[in-house]
Structures are given as structure tokens and as C-alpha cells.
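Each in C-alpha cells, the structures are laid out below.
Two complexes are shown next, each including subunit A; its partner changes from subunit B in the first to subunit C in the second.
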Partner chain A sequence: MRKIEKSKKIGTISAVMLTLSIVVSYVTSSLPRAFINETKSATLLNIIYITAIVLFIILLFCRLIQKFPGLDLLDISYFLGGNLLKNIVGSCFIFYFVVSSGLMLRNFCEGLVVVYYPLTSYIFVILMFIVAIAFVNKLGFNSTLNTAAIVFPLVLISIILLFCGNLGNFSFRRIYPVLGDGFYNTFILGLKNIGAFGGICYLYFIPSMLKDPSKLKKIAVISVISTGLFIFLCVATLLFMFSFFINADEIMPLFSAARYIEFGSFFQRFESVFLLIWIISFGCYLSISCKFSTHIFNKMFKLSDMKPILNIFLILIFAISIFPKNYASSNFFEIHIYRYLRIAIGFILGMTILILANLKKKKVGDKN
Partner chain B sequence: MKIKNIINNVFKYTPNKTYNFTLPDIPRDSDNNSYNNEKSNKSQKIYTSISVNLDYIKTKYNLLINSDIISREFILNAKGKQYKALLLHIDGMVDSQILNDFVLEPLMMRNKNNLFDGEQNRVISEAITNNITVRKVKKFNLADYIENCLIPQNNIKQTDSFDEIFSGVNAGNCALFVDTLGIGFDIDIKGFKQRSIDKPENEVVIKGAHEAFVENIRTNTSLLRRFTNNENLVIENLEVGDITKTKCAVCYMQNIANSDLVAEVKYRINNLDIDSLLSVGQLEQLISDNNSLGLPKAISTERPDNAVQHILEGRVVVLVNGSPFALILPAIMIDFLTSPEDRNLKSIFANFLRGIRILAAFFSLLLPGIYVSVTSFHIEILPTELLYSILAARESVPFPIIFEILIMEISFEIIREASLRVPSPIGSTIGIVGGLVVGQAAVSAGIVSPILIIIVAITALSSFAIPDYSFSFHLRVFRFLFIFLGYIAGFLGIGIGLLVYLSIICDMESFGVSYSLPYSSMENLKNIGILLPPIWKREFRASYLATKKNRKQDDISMHWKFNKG
Partner chain C sequence: MIKISNLLKRIIIIIIIVIFIFSFSSSYDSLNIDNLAFVVALGIDKSTENKFNITFEFIVPKPSSEGASETEPVLESVECSSITNGINIMNSYLGKKINLSHCKLIIFSEELAKEGISDEIYSLINEVQVRPSANIVVSKCNTKYYIENSVPSLENLVPKYYDIFPNTSDYTGYTCNATIGDFFNSLICNYCDPYAILGGVSSSETNSQAETLDDASIKSTETPITGGRLAQNIGLAVFNNDKLVGELNAIETVCFLSIKKEVHSFLISIVDPQDSNSKIDIYITPNSTHKIDVDFVNGTPYIKIKLDFSGKIYSMSKDSHYLDADVLDAISSSCNSYLESQFSSYLYKTSTIFESDINELGLYALSEFITTTEFDNYDWLTNYKNSTFDVDINTTMDSGFLLTQT
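Moving on to the complex of A and B:
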């Protein structure tokens, strides 16, 4: 049989959409609330500050990875510390992807149960996602990215509608005092919000998947700026609409904001349509996490076929999502543990490996 | 079945056996046209003895019981000699007049003017060098003599294989066997009755050509030739089906179409091991990448101008003998929402109509599901007055919403199927009677609510607005899935259904081209079909086809209006 190898490479826009899809899931569940809780009226300033820092980190990342063209973090770890380090780094990232997906899934489903399905157990809602992702996982790697590329513009339209539709309800005075709880809280403690850019972690693994690896810098910079703008738009909507105290209590803050939009006499309230779009986007996020976990696992153990282990990660995600006793405990996990995990693995571990690998390369180069 | 086998079937690891083909971004320079049918079955050679040949034919064609197979034995006169000969043809498929006047008569009549005895050599050329005469002679060859001098036919072929002879006879040719010759003649004297070129029935346009394909493949290829009017159009013949040996024509522009795409189409057609092929619909299913969701992967058209338009875009068209449709490969999703009329309209109208069709597809697939979701879970969407009127209308209906909508949807499908099956004059009557009377009666009887009739009617009308029948069919079937999902979990169910649906569509490919284009992976793509540009701006061929020539018109096409430079 004549067989031509299928191209599984990712294009520039698909790669950007990938990182944006990750942030959509954060934003639609609880991220804006965490931002506003931390930095109060200085949230927008904090977002700009955080975006600038992440932009700096990502430029550093691009510079560091430049010496390893077409290689991802696993290949670089192998170069640095052999199979052992490669497996450790791979396991850390799998753990991070699975845990983050599980907790996000739980939070999102808890939100859905509260707003629409009060008589239904959250487990059924979680199971619906799990079954759907099991179907999606059987498809090719690019299918989810292409789906995300279709859905993200709709998400963006929904957020812009949310912003514009609520303009009448905005109170722009809520950005005062500009520094919120003070300089220390905004710029030092507010650094914790860097975890909002968790989608950037996926960039560590895409260089080997890119159609044109030389465009990594472009992808990274566009991703960071777009993510920053997206978060800014969402948080600004909430900040201008509600006082900090109300924001702190909302389960799905953006959904609550959508309830206030008035669309004239034809539609009474439109928030469920927004939710429909966010559900699809959230599904894309889960599928991406699952596929990346499988990809890392395959690379760690040099497996040729993803199929047998794909659903194992799905089962793990399900197990983690039902692990917290209730919404409060899953929220606790997210605020006090998971966000630090995001920073530790996503930024510190990844960048440390890259810096050390560069030093080693320089050393090896000098010797040669 | 043993328990061990059941366990094995469920849990045993089976490696992926997917067939992948992707069009390269840049077409290869070298044309790989060396694709041939690689069937290794040896065909029976023709015998030199006419009686043995006749026996073989009798066995193969069941001459004793087959009434329309005619084998005519006669004496052939050539160069003053007589040979036993046999003519084989199928009654009703050949033109008797031509057979009598231009085959039998020249072969049977004595050639009085010919004084050549047949044993002498014929001198072709003669040259004298150093008093030595060098003569180039050609020995008498009976087969060539019959072909060149006796049969005044434009299309005649010598072959030593019975398979080729039988293939020709089955297609309406006649076969001539001559004693002492180990070859046969395949003489084209087709004369069967066939439908003449008519107006298209399903793809009606106002400003385009009014010619449609017919069942005869040669007529169809001639239509393509006429519209293309260019020597770069290649029409390659392939045969499919061990029994029917159906002729298929693969048509493409050799200076435009991607060679890998052409090779892949021929490869798939050549590697079909089936008994019979009777229609384009069967071929489409046989050569599609996969048939998930039942979505069509190739455009079927009955319009030669539409087929030629796609050929000139760099696609490949496949014709099947006996089918008045052409298959256009590859196809992406938006192609099925495009009408041939779009190209004849100004772009503003064409894009408006395309938008309407996309909306119609959305309604056709999702409207009933959304209605069920809204009335069951998301009533806050509706204005209070509308909500009251819906509730009031549903007050007299004793059934749950899912039952109500299923009754109406299934009834509508029955009406549609019934109007197709009855003779056409009654068909429209059934539609009206079914739609109006049954709908009205159902509302009066309190079985369904009036608003549901509106929903079902809009859905039905939307499905009629889809230009492609197969695509419309797909939407009709999957609508029921979304109704079910909407009933189970409202927008959550529909959202999850859409996620899986979109993912499957994004995973699909048609001959190496992503099916979800242009709405996904929109990078470095030109003329991909999101919107139809004005005719003077259609400078590039669709880049996903990776054609040999990207540009199809100049930057400034209207030189009469704008000077270049």
C-alpha cells in the first residue's frame, strides 16, 4: 500500500489558538475573581505589569531555546541530564497538566451545577465532559487545535459582546485607588498572578510540532500579548461592573456579568448562549491537556501509538476532579496550591532547564 | 464464540491501521504519471484457429442461452484468398447499418481490382550504392491489410487478448476474428440508444449553461473537452469492477493539477477490488478517506460547466460510465454550501446567498435541539411575553417536549420520503397535504403546539436550502442527535455534542485536504472560500490544492479599464 506520512505539524495561528484556549478555560471559571481578590482596584495595572514580565520571560525563553532549534523541553532535558532528567521533567509536566485539568474541570462543572443543574450531581456533568473528550481523543492531534481555532473567535466575540453590552453598567471609578492595596500588594504579592499565563507552558512542547520552528518567537510573543489583552478585557468587565466584595463571591464571575446585559425585547437574557460557547472551548482545553500529557508520555517511553494510553490520562483527570470533597476544597486547592504549582512547574522548572542546558551547550561548545 | 475470543476482541491491543495521504504544500516538479493498472491476472490469448476461438466465445458468453449475443461466421476475401472469419457483437448495442455497410460488405466482397497475389514482398524503398541495390521490403501482413485496406472504420484496434475484445464487445463494439490470425479486431460501431444532452434537473442556474451530463461517458468527456477547449486537459480511462469493468475517466489539467493528487485518485480507483460499479455514488464511498458522520467527501455535479470550473481550479474530476454525474475531488465543507450559480452572480449577492445557506445549515442541524434546550433548561433567554405564549400553547399538549418534537420531525421525514416515492405529479400534493393538513390537525388535536410547527417548518425549509443532497441528508440525520442531547442537558449537551462534532469534522480530510478549511488553520491560504471575491480579484487558485500554477489571472485583469504598471 502506498502510504504518505500525514503532516501533523502545527501552524502559527493554531499554536497561538492553543495557548489562548488554555486561558479561556481559566478566565471562564475563576481566574478574574482571583485577580480582583489579590489586587483589588489595581487589577488592570497588575495585568499590564504581569504581561510585561511574562513577555520578558518569553523573550528570554525564545533566546534560550534558539540554540536548540526544533527541540522541545524533553529533548533539551535529555541533552542536559539524560533519560533520568527527561523522565523527571516529563512526569512533572504530566502531573501539572493532569492536575490542572482535573481541578479546572471540577470548578467549571460546579459552576454549571450551581447555575443550571441544581438537582444534578456534579459527577454526571463531569462524566459528560469525560465521555466527550474520550471521543475527541480518538481523533488526530490537530483536530482539537483546529476546533480551538474555530471556537476561539466565537469566544472572543462573546467576551467583546459582554464588555460592550455591559458598558451601561460600568462604573469606571472602580479603578481608584489606582494602586489598590498599595505598591507591595500590586507589584510584589501580585506576582502570583503570573500563573494566569499558564498556557505558555504548552509552548515548551510545541517546537518539535511546528511547521516552521523559526516562527516560535512570533508565536510566543503574539500568544503572550493576546492572552494579556484577553484577560484585561475580561477582568475590566468584572472590575467595572461589580464591587470587589461581590466579585469575591461569584462562582462564575463572567457568567454573572452576562446576566446583566440587556438585548432589547427579542432576547431576555443571553448568558446561556455564552455558556454554550465557553463549554466548547473548555472541552478543547481538556482535550489539549490530555493530548499533551499523552504526547509527553509517548516521548518519555518512546511509544509509537498513543491509542492505548490516551484514556488513562482521562481517567486520571476524572479521578482528580472528584477528589476534592466540595467546591470550597477544590477552590482552596486552586487558590493556595495549584497556582503556585503553575508557577513552579510552568515557569521556574522550564526556564531553569533551559538556562542550564544553554550553559552546558556553551561549555561543550567551548571544549570542542 | 469462545469467551477467550470475546475478551481478546474487547481488550486486545490493535495497532492503528489508518491510511494517510496529505497534499504537499509545494507541488513536486516531476510528474509521476507512471500509474497503471497493476492487475496481474493473465488474460486468455486469442487462438489462431477460428473454431477454437468460437468454442471459447461460446463458453464465455453462454451463446446457447444468451439471445442477444450474435456470432456471425463468414468467408473473408483478402488478396484473392479466402479465410474463415467470425464477427461477434451484441444485438441492440451496435449500429446494424454501419455493421452491414462498412464491416461485412468490404470484408465479404471480392476485391476485383487487386492483382497482388499476396505472396510477393512489397518494396517500400530502394537505393543503389556502389552498384549494389538495397531494397527495403515489407512482408505481407494480413492483419495490417484488413485494418488498413478492408475496414473503413476510424476506430479499430488489434489485440491478442480476449479480455480486451470482450470489454469492447460489452461496450457496444464488434469483434472480428480471422482464421490463422492470433489476434482479433475491436471495431467501434456503437449504436445503442441513449439519452440526449438535456437541461440539468437538480442544479438549475439562471445565467449559466443549460447542459447536463448524460449516461454515456464519451458524451460526457466531449462536453468537458468542449468547455475546457485546451490541449492540457487529460482524460485517462480506468476500469473498475471485475464483472462490469465499468469505464471511469479521470480528468484533470496536466499543467495545473497537483501530480500527487492525480496519482492518488488513480491509485485509489485502480486498487478497488469489487465486482461491479454502477454509479458515481458508489465510487465516492469507495474512494473516500473515511465515511464518518456520513458527510460527503466529493462534490457530485451534473453540470459540465461546474466540473470544468473545478478542473481549471486544479481539482480532479472522475466520470463513471452509466452515471450522469461527475465526482469532483477533493472537496471541503464549504463546497457543499456553494451553488454553481454563485460564480455567475456579483460577489455581494453570492456572499449573501452563501451566508444564508450557512445559516440554513445551522438551523437545519441545531434549531430543534436549541428549541428543546431553551424550553427545558434555558427559558431565561426568551422574553417574558413570548415565554407565556409558548407555555400557553403547550398547556393543552399532554406529551413531553421531546416526544412532541420527535412526532413532528419523524412525520415530516415520512412526508418527504413519501413525496419522493410517488409519481411526481402527486408528489407536491402530498407535500402540501402532509405539511398543512397534518400539521393543522395535529395542533387542533392537541398533540403538538403551534410554535413547534413553526420550528419544524423552518428546519425543513432550511434543509431544502442546502445545495448538496448528501450534505442535507447528513444534517437531517444528525439533527436528531442534537435534539436528544438538548433534552438531556440543554446547552451543556449541545455544547458537548458540538465539541465532538466539530472535532470530527476538523479531523476529516478529503484527498489530503483538511475538510474544515477555510474555517480552521487559516494561514498562508489564498482564495480559500471564506468569501467569494469579485471576479477581477480571483487571482489565485485555492492554495490548499497545491496546484502547479497558483495564479489564474493577472493582478489587473481588466486592462481595458486600468493600465498595468
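Moving on to the complex of A and C:
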């Protein structure tokens, strides 16, 4: 029985892949476009800047959580404010995971409909993902983790190929003017791009799932650096290639870049292969979100069986994904609301709980 | 009980599969090859009655007695108010759905291009099927006439010809691989202007005019070529924003491609320093040490272009001494002065006459600004016409190929 329990735990590599799978879904939809539209030619500078800030935050997170070995944010919330705070924090994160997955799914499927399924309703494309995730959930979370561990390297290869295959179309001088829209826009308003590191939110709940919780720091640091590099590579491809992302929007910008890759007259039209890899990775993201939502819910209400709840969350994700009236509404959410939600819940709420819990522990320790 | 639940699961799976089959079959049908008509070239003309006259070139495969597949181009035209409407009307007429995913060439008539083609470019880019690598041509004649005359003389397949001909820019520099993706990119950017391949159909009248021209000064319809195919693609169509403002001839296109670093080699004819009455042909290869700098002097751009080339002498005659360093130096300096005058004339022509930065020289000015707002306020595209150019050419001359001395 213990062996089975241990096999359900997440290893270091799987944990890193898990957090990186989250960023893949952001990057393949509209994240790079949002970066470039807002910080213009200073996008790469902005990415380096926010990666450094997130790295600092994550080191702080590791230091704060060090005093609660093997405990996740829910346990820490319980320690800080009892069941009430635990349920509030849990509900916030469930809301965030479910709503973000639903709307990301909608945006991604809208792109797929435009590109490949012109006569199919987006609802069926969304349903295809939902059904696939339902089947995956039946196989257990390990299957998702293993898939993510296999698919993410493929995604990385596809992105590197995208970068190298388009080298001929690059103008490296597009990084000028160095400050883009100015110092304030790059370094102050640009702080909102911190939301791109959404995978961090999942790290709050990972400690209790890890095979070796002492490796959390290693996992967190590798995840942040890899996420930063991954976003850098994707955004650099678009920035060096196109001048138009500053003035015009295009659905699935990386897909647009993939359409330019040609190796002679024989190797052309690579975008289909890329999209297939990104679809699988997006499926992993949905499955991970679903698993974490269920994990939090079960922990909140102390339920033992996870499987029936998983399908309920899938139905919720489906309902949210078909809720926006059109692509414009879901895109508005993704660009103007979602990232603030990520910052508010992922960074502010999570870190505040950890800081307060540390203060309480110190106070309790002092009294004792 | 277990059996009933298993049966239920199977029924659910079958239902799901059936739902997906039905929901995705419509998209599959629309992409089924039987229902599609593949366009290989799209010609867009200005129409007198309506707004556009659109010509579609389709390919119908026909069996060949020799076993190799041959194709027969089919041309259909429609008068319409927009490209999308034209496609829609043609779908109805053909009884098939037009597919642009294999469209290699998009041709605009000169008349339409002069009025501006941004709306058409935006619409075409908005179409998923149109590949960004599709070449864009401005035809000096009616586009239907251009397509009719674009019959390859050495190829069985028209699409293959459309695919291959822009590649000649690599080794002649007389045409350019101008794509709709690049055109769109340039249309939107605030430091460059678009360009397209200059196409046309030659006639006996234009050929007689061309006889008086220098070999390097030719352009589509003004060439000394007579052959099976009347359509020609020599030179470049220059745009200011979305409007056609001028044409470049062969040697100017070479200059354009050299600055863009998109030509691997080209041929020039220069005056033989040993005999001013004769000319020698030099095979030029650009080196990778091109340098472009943009400074601002009294608020106007001062553009320094330093280009390095290697040259080999093609022309051979009796008493050639191409191992003699003095002879090679003399040819080098003759070559330098010829190229400097060509590059300067090209740059001033595009900046002062066309007021168009097709070479994206504004890209080199970006580093002079701290923020994009500063650059936007400077308005590069308006100020480009006041640019001063300092062209420095350095050609290192080698002897000939197999023969070095006669």
C-alpha cells in the first residue's frame, strides 16, 4: 500500500515538467503577443527583468515554506486561520484554476477552428479536449505527468526549431529602441507581465505531492529559470521576425511564425506538426489544472475519492469555456483580467499567507 | 451489475465517437480533395464596371503518354466588389470550393497597385489558406494576360515554374523573392516600405525599345528577350506605404538585394580599364562584411553603407593578363566606381524620387533612439527623403575561372 502511495508522488523532473507545461499553454495562445504589444522592442529586456523578480519571489517562497516541510498552502492556511481561511484560499485557487483553464481552452480552440476546422462548431473542438481529459483522468495523474515529461521536450524542440528555422527571417535590430515604450512602461507597467509565470501557482500545492519535499527549492528555481528561457525564446522569435505584432493582432502568433519555416522546397508546412505537439501539451495543462482543482477541493472537504470530482471540474471547465459570447470576450478576459487574476491569486494571496503564517509561527515559537 | 456498467461505458464511448464523427465530418468534407479547386495564381485587376476583375489560375492534371504528369492551366475570371466575393462567386460557378493553400503567385495590375492595395493585402493575409511565402507580383499589363503568358518553357508544371523563378534572384539579382508575408510586414512597420516583383509581358514594340538599353538597365517588358514565354519578371515594383510609386530596373534590383544581403552572386559589365571602348564581365560575390550605419546630422539621416565584394573576371580575350596585380587593381577600381555610382543612384532614386525605404534602412536608425515614441515622433518614413548616402564599395578582384592569362 505504501509502495502504491509512493508511486503516486511526483518526482523532481515530473514536477519541473508540470510547471513548464502550464507556460506552454500560455505561450501557444496569446502571451507572446501581449508581451510585444505592451513593451514593444523592450520585450526581451522586460522578460529578463521579470524573470529576475520572479526568481527573487520564488527564493522568498522557498525560504518561507521551509518552515512548513511537506505542507502545502492549504495546510499553511489552516495553520494560520483555521478552516475558514483554508476554505477561502482553496476556493480562490479553484476559481482561478477552473476559470483560467476554461478561458484558455476557449481561446486555443477558437484558433484551432480558424486554422483547421472551419465548419465545425468550437463547442465540439472544446468537447474533444474535455472527453480526452476525462479519459486521461481515468488513467490516473501519473499518466498526465509522464505525458508532460515526454511532450515538453518535444515542445522545446519545436520552439528551438521555430527559432532556428526562422533565423533567415530575423532582424536582430528589432530589439531597438532599447527601452521600447519608455522606462515606466517597461519596468513599472511591465511588472504585470509577471503573470506569465503562472506555473508558480501550482508550486504552492506541490510540496505534499513530492516524493522528496526537500527538493522543492531546486524544482522551483529550475522551473522559474526554464520558464523565463522558454518565454524568451518564443517572444524573441516573434520580435525578431515581425514588425506587425506591435501594431496588429494575430490568433496564435507562434503558429504564424511556424508558417514561415521552409527548408528548401521539400520540407515545408511544419506548422501542422508543431500544432499537434502543442495540442497534446495543452491537454496536459488541462489535466494538471483539473487535478489540482480536485486536490484542493478534496482537501477542503476531506474527501477520499478523487475520480468523481474530476469529472465535475471538467464539466465546469467546459461550461466556462463556452460562456464567452465570442473570441473577443474571451480574449479580453485573457489580456485584461486573467493576468491580474494570476498576480492577485498566485503571487499576492499565496505570498501573503506564507508571510503571515511565518510570522505566526515565529510568534508561537517565541511564546513557547 | 458489472456487465451492465461495462455495457453502459461502451455505449457512452460509441455515442461520443458518433458525435465527433458527425461534428468533424463537415470540416473534413470542406477539405476533401474532391471538393476543392486549387488555385496556383491569383490575378487582381481594376475593373471599370465593378471594383475588381479577379483571375484564377487552376491546374487540371492530364495523363501523359510518356508517363510523366502534365498539367493544363485553366483560367477563370470574375468581376466583383471584393476578393472574398470573387472567390465566393467562383465557388458557385465551379461547383467546387476554391483553395488558396497552393497559390504561389498573387498578381496585382499596375493600375490597381497605384491606387493602393492595403485592403487587399490585409484580406489575403487574413485568409488562413494563403501562405506567407506566396510571391507577389505587380504586372505592367492586365493580370489575365500576364497569367496566360506565364507558360513555362522548360517545365511541365506551372506551379513548379512559379516556385522556381523567384529563386533566380540568388544568382542574377535581376528579380526578387518578394512574398506577401514580407509585403504585409513592411506595410505595417514604421521604418520600411513594401516591394514586389515587377512582371510584364513583352511585345515586339517593347523589344525594339529595349535594344537601345544597356543590359543592366532592362526591366520587365523592356528586355531584349524573345522566346516561347512572353511573361517576364525582371526588376522591382516599389511602394510607398500601399501605393505603387515606381519601378527598379535590373541593376537597381541588384543594388537593392545587395543591401538586403539577399543575393549570392551577380554579373556586371564594366569598362575595361585597358581599353575604354570595350567592356568586361565580372562575376561578383558579396562578402559577409557589409556594414550599414545611420547617423543624424542636423536632424536628417546620414547613411553610411560599406559593401565588400569579391569579383572574378568572366570575360576572356586575347592578351588578357589577369595574373598581373596592376591589371587586377585597375579592374577593381573600375568596378568600385561603377558599383558606387549604381548604388548611389539607386539609393537617391528610392529616397528622393520614390520616398520609399524598401531596404529597411530605418531598422539601422532604431538604435539611435531610446524609446519607440521618440522614433515615432521623428517619423522616419517622411524624413527618409532627406537622407544623405555615403557609399563605400570595396571589390577584391581575382583572376578568371579556368583561364587566368592568355
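Just so we're on the same page, the second predicted complex is superposed on the first by the 357 of 368 C-alpha atoms of A that agree within 3 Å, B and C clash if a C-alpha of one lies under 4 Å from a C-alpha of the other, contacts with A are read in each partner's own complex, and residues count from 1 in each chain.
The criterion applied here is as follows: a residue touches a chain if its C-beta (ideal position, glycine included) is under 8 Å from a C-beta of that chain, and two chains touch if they have at least 3 such contacts.
Small disclaimer: the values here were computed from a predicted structure and weren't measured.
Colleague: Consider subunit A as the common anchor and indicate whether subunit B and subunit C clash or fit when overlaid.
Modeller: Overlaying the two structures gives subunit B and subunit C room side by side.
Colleague: Regarding the shared-chain residue A:118, is it in contact with subunit B (first), subunit C (second), both, or neither?
Modeller: In the superposed model, A:118 contacts subunit C only, not subunit B.
Colleague: With subunit A's C-alpha centre as vertex, what's the angle to subunit B and subunit C, nearest 10 degrees?
Modeller: The three centres form an angle at subunit A of 100 degrees.
Colleague: So, does A:136 touch the first partner subunit B, the second partner subunit C, both, or neither?
Modeller: Touch partner of A:136: subunit B, not subunit C.
Colleague: Quick check for you: in the superposed arrangement, does A:307 touch first (subunit B), second (subunit C), both or neither?
Modeller: first
Colleague: Please determine whether it is subunit B or subunit C that touches the greater number of subunit A residues.
Modeller: Of the two chains, more subunit A residues are contacted by B.
Colleague: Regarding the shared-chain residue A:20, is it in contact with subunit B (first), subunit C (second), both, or neither?
Modeller: neither
Colleague: Considering only touches as defined above, state whether A:128 meets subunit B (first), subunit C (second), both or neither.
Modeller: After superposing on A, A:128 lies in contact with both subunit B and subunit C.
Colleague: Is A:178 touching anything from subunit B or subunit C once the two structures are fitted on A? First, second, both or neither.
Modeller: second
Colleague: Can you give the closest approach of subunit B to subunit C, taken over C-alpha atoms and in whole Å, for the superposition?
Modeller: 5
Colleague: Name the residues of subunit A shared by its contacts with subunit B and its contacts with subunit C.
Modeller: Common to the two interfaces on subunit A: residues 116-117, 128, 265, 268.
Colleague: Contact residues on subunit B for subunit A in the complex?
Modeller: 13, 15-16, 19-22, 260, 267, 377-378, 380-384, 387, 489-500, 502-504, 506-507, 512, 514, 516, 519-524
Colleague: Give the list of subunit A residues in touch with subunit C in this complex.
Modeller: Against subunit C, the touching part of subunit A is residues 40-41, 114-121, 124, 127-128, 131, 171, 173-174, 176-182, 242-244, 246-248, 256, 259-260, 262, 265, 268.
Colleague: In the complex, go through subunit C and note every residue touching subunit A.
Modeller: 16, 19-20, 23-24, 26-27, 29-30, 128, 131-133, 163, 181, 184-186, 188-192, 360, 363-364, 366-367, 369-375
Colleague: Where on subunit A is subunit B touching in the complex?
Modeller: Contact set of subunit A toward subunit B: 1-7, 11-14, 112, 116-117, 125, 128-129, 132, 135-136, 139-140, 142-147, 149-151, 265-273, 275-277, 279-280, 283-284, 287, 305, 307-308.
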